[in-house]
Each structure stands twice: as C-alpha cells, then as structure tokens.
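What follows is one structure encoded as structure tokens, with my remarks underneath.
Chain lettering (A, B, C and D) follows the sequence in which the chains are written, and residue indices restart at 1 in each chain.
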C-alpha cells in the first residue's frame, strides 16, 4: 500500500457530491479505506472525509485533478498524508499533567505528532514532573506589560519550528485577540469545565460553590471569543458533596488529560471539520 | 422488625456528635441499619442520616428523648418513618414522559410515594400517552393574568391533598417568587440541561446552537432564584454533530426521566439534606 | 420531498463500490440525505447505508435498476421505506418495565413501529402496570410439555399479524433452536447483564455474588446459541457494595429499558447490519 | 492538628458498635473527620472506617485502649496513619502506560505512596517511555523453569524494601499459587477487561471477536484463583464496529490507567475492606 491520504472537504450541499468525489477517486485508481459524510440540513452544508490508498497516484496529481472539480463546486478542501506526524507546539504553565499525558502518548506512537516546541511562561524547573529531555523548551515569561512582545516571540517560535498546530495544554494565559486570530483553526485549548458552564477562572471552585454533581472538561478551538470557540470534545465525571475543591482538581486532571488527548488525536487524524461556530467530528 | 425509622440531622460540627447520637439510639434499644455522616469542613457543619429498627421503642418516645438532646446541640433534625409512602403532587405540561416514568415506578413500588394530585395547565386529553386512571387530575390553565389565582389554587390542592412534596415533572411554568417560597424545600424541578449551562428556555436548542458534545438534565429544589436551586442529581449523554434539536429532545427525555426519578427516590428516602445552596446526598 | 428510502447493503469489498452506488442514485435523480459505510479490513467485507429522497423515482424502478448492478457485485441488499412504521410483535413475562417503556415510546412517535401483537406466557392481569388498551394481547402459557405447541402458536401469530420483528422484552423463556432459527435476524432480546459476563439465569444475583462494581444490559439478535447472538447495544451503570440484589434489579430496569429501546430504534431505522457474529451499527 | 489516623474494622454485626467505637474515640479526646460504615445484612458483618484527629492522644495509647474493646467484639481492626506514604513495589512488563501514570501521580503528590522498588521481567531499556530516574529498578527475567526462583527474588526484594503493597501494573505474568498466597490482601492487579467477561489472555482481541459495544478494565486483589479476586474498581468505555483490536488496545490504556490509579488511591487511603470474595469501598 502507498502512503495513505486523507481528503476532507466542505461545500454547499447539492445532489451528486458523494458520487462525484468517490467517482473521481475511483477513476484515479484510488481505494477508499474509510469514508464519512454529513449533510447539515440547517445550514445546507456538506462535509466529507475520505481516507484512501492512492495506489500509485501521486498526491500532487490528485490535488491538481481535484482542484478543477472542487473550484466548480465552491469547495473548501485539502488532500494530505494520513499518517505523517504533524508538527505541534505545546504551551503549558506549571500544571503539567496534560503535557505529561500528551508526551507519553506521543512517545509510544499513539498520537501522530512531532513536538517541535514546548513554550511555558514558567522556567523548565517548574515543570519537574515530566521528562522533557530532547525537546526544545522555551521559557517565555509574561506580564501585562510584556504580553504583546511575548506573543510575538510565540509566533516567531511557531514560525521557525514549522508548527502546524498549537496546543494550550493548561497554559493558563488568555491569548490576545491578535494572537487568537493568528492561530485561528490551528490552536486547541483545554478548558477545565463542561462548557458553557463555569467559563473563566477557577472553574472547579465555581463548580464546588454551585454544588453541581458532575464536573467536566472541554477541548475547543481558540477564537477571539474566550471559552466560546468550536467544541471538539467533552467529558464529565460524577462528584459528591464530599469532594472538596482539591478533589475536583484531582479528578479534573484525569478528565482534562483524556479529553485533550482525544481532541488532539481527532484533529491530527483530520477528523475535525469546522462548521461555523461548531465542529463536525468524523470518528472511526 | 418494627417499622424502620430514619433520623436526619444537621448542626454545627463539634466532637462527639456521632457518639452521642448513636449512643442515644443504643440506649433506647434501637438497631442501626444504615448510617452516614458528613463533616463540611468549609462551613463547619455536620450532617447525619441514620436508618434504624426502633425494636419496640415508639417513635414518639424517641422524638421526645431526642428533642432534649438536640436542642442543646442546636440541631435541625427529624425522625420519620423510613418506608411510609410520602404524599406527592405531580405538576406537568403536555410533555408527559417524566410523568409516565414516575407513575410506572410508583405503581411497581419502586418509588415509595402516593400520588395525591396531578396538576396540569393542559386538559387531561392533552396527556394522552399516560394512564392516569384512578388519579385525581386537576386542570388549572394559566395565563399571565390568572397566574396569582392559579397558584393559589395549586396551594389549595396541595393543602387539601396533604401533599408533602411537589414535583415539577416538566411543568414548563415558572413559579412566582411567592409560590417558590411557599414550597421551599419540598418542591423538586427537572431542568432539561446540565446546569449551570443553558439556563432558561429551550435548552436543547441552545445546546445545539452552541455545538456541545454532551447534553444533560438537572434535578434541583425550586427556589426563588430560577434554575439556581440546590442540585440533587445530574446526568449527561454524549451527542454528535449529526444530532438535530429533535434528536436532543428525544435523548433528553431519557435523561430527564431517570434523573428526576433518582432525585425523587433520594428525597423520598430522606437521603437529601440541604447545606445552604447545596445538598448533601447520602446514597446507600 | 417524496417518502424517504433507505438502501442497505453488504458485499465483498472492492474499489469503486461507493462511487458506483452513489453514482447510480445520482443518475436516478435521488438526493442523498445521510450515508455511512464501513470497510471491515479483517473480513474484507463492505457495508453501506444510504438514506435518500427518491425525488420522484419509484422504489420499484430503483429496486429493478439496482438489482442488476447488485447481482454483479454479489451484494446482499434492500431498498425500503425509511419512515414506514414496522410491524412489531412484543413478547413479555410479568416483568413489564421494558414493555411499558417501548409502548410509551411508540405512542409518542419516538419509535417508528406498529405493535401488531403482544404475547405473554402470563395472563393480561399479570401485566397490570402497563396500559395495553387497544393492543392485541395473546396469553400463551408454556410448560416443558407444551413448549413446541406454544412456539407454533407464536409463529402463527407472527405470521397472521405480519410481524416483521419480534422483540423479547424480558420474555424470560429460552426459545427452542427451531424457534430461534425461524426468527433469525428479526428477533431482538434484552439480556440483563453486560454480556459476555453473567450469561444464563439471575444475572443480577450473579453480579452481586461476584462483587462487580458495575452492572449492565445487552440487546442482541437471538440465535440458537443462547446469549451469544450478535450484540446491537450495551450500557452499564456503577454500583457499590451497599447495593443489594433488589437494588441491582431496580437499577437494571432502567438500563434494560433504555438499551432495548435504543437497539430497537437502530433496527427500525435500518441502522444495524449483520457482520457474521457481530453487527455494524450506523448511528446518525 | 496532630497527624490524622484511620481506624478500619470489621466484625459480626450487633447493636451498639458505632456507639461504642465513636464513644471510645470521643472519650480519648479524638475528633472524627470522616466516618463510614456498612452493615452487610446478608453475611451479618459490620464494616467501619473512621478518620480522626487524635488531638494529642498517641496512636500507641489508642491502639492499646482499643485492643481490649476490640477483642471482646471479635473485631478485625487496625489504627494507622492516614497520610504517611505507603511503601509500594510496582511490577511491570514492557507495556508501561500504567507505570507512567502511577509514577506521575506519585510525583505530584496525588497518590500517597513511596515507590520502593520497580520489578520487571524486561530490562530497563524496554521501558523507554517512562522516566525511572532515582527509582530502584530490578530486572528479573522469567521463564517456566526459573519461575520459582524469580518469584523468590521478588519476595526478597519486597522484604528488603519493606514494601507494604505490590501493584501488578500490567505485569503480564501469572503469579504462582504460592506467590499469590504470599501477597494475599496486599497485591493489586489490573485486568484489561470488564471482569468476569474475557478472563485470561488477550481480552481486547476476545472483545473484538465477540463484537461487544463497550470495553473495560478491572482492578482487583490477587488471589490464587486467576482473575477471580475481590474487585476494587471497574470502568468501561463505548466502542463501535469500526474499532480494530489496536483501537481497543489504545482506548484500553486510558481505562486501565485510571482504574488502577483509582483502586490504588482507595487502597492507600485505607478505603477498601475485604468482605469475603468481595470488597467494601468507602469513598469520601
């Protein structure tokens, strides 16, 4: 088998798209491995993901051939390698449980990514529970006064390292609108509550004060609208009256770690398509 | 075994309460069947629930004996029958799935309650999917102008029927502050969202618009602060981009029905104690 | 929109099936509403479900046209109405919680089915918690000696009532091999355990004795191999050491009811395809 | 506050135990922080856990005083420090995800334990994804012929390191009956299935072959009866027909890691009491 490719696309819905797309791939000799589609009747939009074995056809040829067809249909599309590790920049504060979880998953090959940069507003010594050996670490402290400058440095590191995706793995800093816009569509954040409940700071303490019986975490794309970006994945766990805020924080670490890892896997496998302020997620 | 009793109490925490309470029951010859306690370190409050076999001691004697002790400790307490069916008034709109679920559970003996009144702002014909035979049904239509009067009728029915608890089983009407205060601590509502997310009207449509990946339901005591009452129980279920608002409504019916039934069971078994704006829930 | 149709098919996997199938529908002027496919790399089998608006094309014409194409591909396929209520026979013992749940869902239009027969080995009086008014009820008692005869009666009722599906809604009787074979592929059972754990009788008592921390339920197609049929849906719930067998039975009723209802919905919407001893389930 | 202590006990049930136990603690001037009890009506056994502030009373004095009382009641009991890190030996194969998870939790202080030995049948190089720096690692290869000898070495290491608990963190070797008996009550295993389903080897492949719709993991005490020991904790996750065995293995890693960590936390906090072949688990 040649290196597998993934085609993802969205466009206004109309009859025949599936037939045309799969017909095109068939004519090119490609073998479909996995295909999903979704017709959003509300917005009249069509979404598709096809993983396929190009069976000898070059990805360049396929892209050229598809471009002509796609432009006639007003498609937003791409054809990319399915398995090539994406270049990822991780941003973290001193809470490093998500970082540790992502790095472990990366090391055992569970997440198809190459960590090209780790950025923290804390020095490397503050992240003492996680093995960062061999990974490019950047300490970029931030204050209200240096925020613009620090964010420029972050962009520069992303640029130089060729990062295709930025993951805020409990970074605990709010990106400026400029920064959020710069990384639009390629920056994933983990919020430690079941959004839209408990936006903002200290959500576990908010949850404790409100007396909810479940807590959760939400992985979403970062937008200029804080905690309002398109949601990729969420999960929750039951709690009781006996759980103190510190217990919620402990339980939350688990939920955050697995929700962020799952969202990242879905993104890396090109399974997440944007649909306005929402996402279409094509699981296996 | 005599008829089992339940003692529930809350008071400022201090050393020896458990020893004193269980010592008292032991001296009276009672056998403890189940006991739970909770020390809220934050508010320095103590909560306890003891189910016991009085082994011949009369509940009146026990209450008298306990009263002396309790008043010295500044206790809020009661001793009641564990198994006597509580008298319950159900209020419902034309969405009758919670009603159907509660009545079925009541009929097979799963919920220790006696339905002494069903009140709806819709005529009985609108509730056509549920067998109401043999149950006292009251059609009390409501408009902005008649609200005060209708609520007075509701109170009258509660009074006459001896209702100990009012359950808003998708009643879809907001109680006035006066009404909420009147039924304080003995009125349970089911809200069709995972509070504090999506307060107010049409939460499933709000959830769909926001693109969350799970929906839920919340059973809580009614207070004058809409959707802010002490939460008894919550649950959620995963959804996907393909779920339309009507799918959320369908999935939601299941969650609402089981969350309300569980909250009701907990309340009827005297397992829920109020702790300010929160609840202490002593499961078995 | 014309009445929506559903095409389901399975066949050996080969390149171009999706293109050919969707191409055929496109040529006939049909509009695809929802499509899912699955390539089972292990067995080299291909599965597909397409819901579509025939846009004027008659289902007979479509079937004829598709038959020629399908036979060349060695396809197992059908084209049926998506929304026409299926004719369903429900079989039940005196535990009627699943029955009550299915009938309620049917009555409010949640499950697209018409209940053409209810069969029980208990008299109608034993099923006292559920409103059976207007539904054809058949009391068919069964003993070891009359089993063959009773099963023949069941088949006759299925035949006469035109039942397309048989649902064992806690029927509590083991079908003979002959009966299981007769209803192969169109008989769904709910087993009150998380299979393959606790096969056979009294699974909640088995679970209690083993001290598991979760209990569950399993909806599966009935085969001659008891409790081994292809699984459609499963769910579980947490329990604790304090749950007695009667508590497990109570909690189990909820799980059984919702698991069976969901399996039934999936089947009625033609979302379940057989894949040897397993199922392919195309959720929305 | 003095160093908190935990009293756990089990004995035949009889009236007055709670009163006597809490009365004893009260007389000694201790302050109860948390207390749970369970009456197993089936076996007529009583279980209790009390965490308390001794408020100056020495643990030796308390033990002496309690011993006299306890022996009269036929109690199995202990009074131990609540917060002192327990000495733990971890055993692992080359699948190190549970190990990585436990070490991270230990390092951030989530699990009150001191890792006094790591034993593997693989060389340290095989465990390349986890930071073992500063931890005593023992490579003890095993074959059928050397099993008895290797197990003796394991016991020796446990002895020398003062290990109070042994955790089989995906050790993948079956302990001999002798070894299982030696570590009875202080050896926890994680089995990668929802027991009692899929005992024995390759449970994810068994689950895939059977076509179940959920997979799980089970943490239990090791006994001479393989996969039959008292269960401490279990959890599951939904899967679909599209999940290959490798996907189950991936999803399973998460479930295994969190189930084992939770079981370990419960054990380390003295929240798990043995009740014959089952456990009583006193959560917070």
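The rule is short, and it goes like this: contacts are C-beta pairs under 8 Å (C-beta built on N, C-alpha and C of every residue); 3 or more make two chains touch, one makes a residue touch a chain.
Given the structure is predicted, the values throughout are model-derived calculations rather than measurements.
Q: Greatest Cα-centroid separation from subunit C: which chain?
A: It is D whose centre lies farthest from that of subunit C.
Q: Could you classify the subunit A-subunit D contact as same or different, where same means more than half of all interface residue numbers appear on both copies?
A: Answer same: the two copies use largely identical residue numbers here.
Q: Mind checking the centre-to-centre distance between subunit A and subunit D? Centres are C-alpha means, answer in whole Å.
A: Comparing mean C-alpha positions, subunit D is 36 Å from subunit A.
Q: Go ahead and note the Å separation of the Cα centroids belonging to subunit A and subunit B.
A: 41
Q: Which positions in subunit A are in touch with at least two other chains?
A: Only 34, 240, 242 qualify.
Q: Considering the complex alone, what residue numbers of subunit D touch subunit A?
A: The touching residues are 34, 97, 100, 104, 107-108, 110, 128-131, 240, 242-243, 247, 250, 253-254, 258, 261, 283-284.
Q: Can you tell me which positions in subunit B touch subunit A when the two form their complex?
A: Counting only subunit B, the residues touching subunit A are 38, 40-42, 194-198, 210-214, 216, 230-236, 240-242, 244, 275, 277-281.
Q: Looking at the complex, which residues from subunit C come into contact with subunit A?
A: 15-16, 18-20, 22-23, 25-26, 29-37, 39, 238
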